[in-house]
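Down below is the structure, laid out as structure tokens.
Order as written gives the chain letters A, B, C and D; numbering starts at 1 within each chain.
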């Protein structure tokens, strides 16, 4: 159709650029200590831990995004905007990461972190759904996404994490870590269908 | 001719890199709140809104730039400089975005934002015109650009927005948002001509 | 030979990434004014002018670097390091640009700016010479670089600019602007030889 | 097998993007002097030297990473995570570089710098081992990595440097410089095997 003229290569390259910047600028929040003792690193430990968690999250998204676009047949204008929408929410991860890092486990930062993760996950689901719909139900992607239990589960978990964080920020954070562990494994569904087709 | 030795691929890759950085460094202006309450996010809301508007603007330019270069046949030295000229004005968007975000709807920031948008739009028009002239009037791009009503209209709207902002900054901002909505839809003219040629 | 296993594509992509970042992070030095009046932009004007000059310089290097690598036949380990050496000196351009922008036309900043430009130019000459030697005197690049008058001239001009800036910073700056104008035109020598070969 | 669907091209492009940002954002730590005299540059000299050392280190990793992936046959999900793990430790180099630069040769900063270098080197070894295992012992990479004396030697040297820095930071730094010199030469083993195969 008339909307399919966007090259997959350039949308991948642009997304890679933005994701590479997002994953790297978070380290700029690690403020150099003024002292010269090992103890001066202590206040940085929570910042470093929140950086590590967000690094894993952005890495997971890069990985899944990579699989998703690789399986996709074509990109339309609306799909390109769904992709930019995903990048917008991802770009807020460094901001909420810093807030958690500087204020430790307090309600508003942990809940805000969860909200950004939830919106990012929802934006990813939207992109995946639009790509699958565009390729059609009989396509690789249509079958792979099909009954997306992991995606739905993580949306539910993020919402639970946000709710929990309003009372117990630590439990909220623990739930976010759990979702990261679930997603750590690349999307086997897509991989399986792909490798079935390539004998 | 002798000026056509510049590879389209590398100019696209370089532009993508610069645009990816422009769209992402704006988020660095979101200063982490010192407090730990949700209310501490309130002063950030206008910064976030101006960031979202500029994100959409840069996304639109990336998208249209992508279509433009995809349709172009060849790049000459002057065209490469016209492209860098466009990137220069785009690179000022984060600066005026921050100014608006920090000072809200006051005259000088809103007018400056409009001036940068106007110069970026004019630089885009110049690049498109040079590419169309290089390809010739019978080319895809020559036909597609042809009577560029949307481009001319947006230049007029930016100028109106700047003029309005000198008295009513809110109306200036509203006009900029309106132009973003107009451009939100990718350049159907180029897409249509392209898809006619690829049966 | 054993040293030629480095892919030209990836060295170009990496250089593009670094140059895109260099050209864009300079804009981070444009500090958002605290006031909301047009007059609050006045202190930023010299910063903006030095940014524009450096933007043109980095654009020139990107352009010439692009032509150089396009004409080159092969990359060896030492050539890769000559390329990183060039990027190192280019990466200092944002630093000296900010110093000039903040202190205006005073001796040390203008002279330091010239020294960085001189070292960058010398690093570029070294890279070009190594590439030409690797390809051999009968190659495109060997012929094109041949008697490199413009390169030698600009080294002399930078040295003159540095010397002049010790007494009259304005004249030093004027000489740097003059060199930018000379280099603004892409390297016709390389282009000419290339287009002769591609009939 | 089912895990091999990740494109080498995109993992290279993403790594290049992250490494390009890492190598360039270090220069943001060069704070512009407030004064306008050459003497105002003096406090920046140690920052500049630590920047130059880290620039060489990141350049070495980019170069070796390039050779490694070029020789690799396939990328699996775990290998992709080993690559992100390497990028994580590399991303901490700007942080420890700034700490050294600002505090000069004191114990904790120099030891921390060594720890980050050690972890980066261990992450690189892990990635190389996983790639070689995936390709099999008879592959190019399996043979090239084989008895990796230089890799093991540098791990020992980093550990010695860290130990030495606890007492004599200068000696620790000298050892890190020595490792950089050893690695400065690209991995001839990989290159040799590769060029044997390409007659």
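Following the convention adopted for this analysis, a contact is a pair of C-beta atoms (placed from the backbone, for glycine too) under 8 Å apart; a residue touches a chain by one contact, two chains touch by 3 or more.
Bear in mind that the values here come from a model prediction, so they are computed numbers and not experimental data.
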Magnitude of the superposing rotation for chain A and chain B (Cα, nearest 5°): 90
Most distant chain from chain B by Cα centroid: D
Homomeric contact chain C-chain D: same or different residue positions, threshold half: different
Approximate Å spacing (C-alpha centroids) for the pair chain A, chain D: 26
Whole-Å gap separating chain B and chain D, where each centre is the average of the chain's CA atoms: 37
Residues of chain D touching at least two other chains: 13, 17, 20-21, 25, 28
Contact footprint of chain C on chain D as seen in their complex: 12-13, 16-17, 19-21, 23-25, 27-28, 30, 32-33, 36-38, 40-41, 52, 55, 59, 62-63, 66-67, 70, 184-186, 188, 191-192, 194-195
In the complex, chain B residues that touch chain C: 1-7, 10, 13-14, 17-18, 20-22, 25, 28-29, 77, 80-81, 84, 87-88, 91-92, 94-95, 98-99, 102-103, 106-109, 111-112
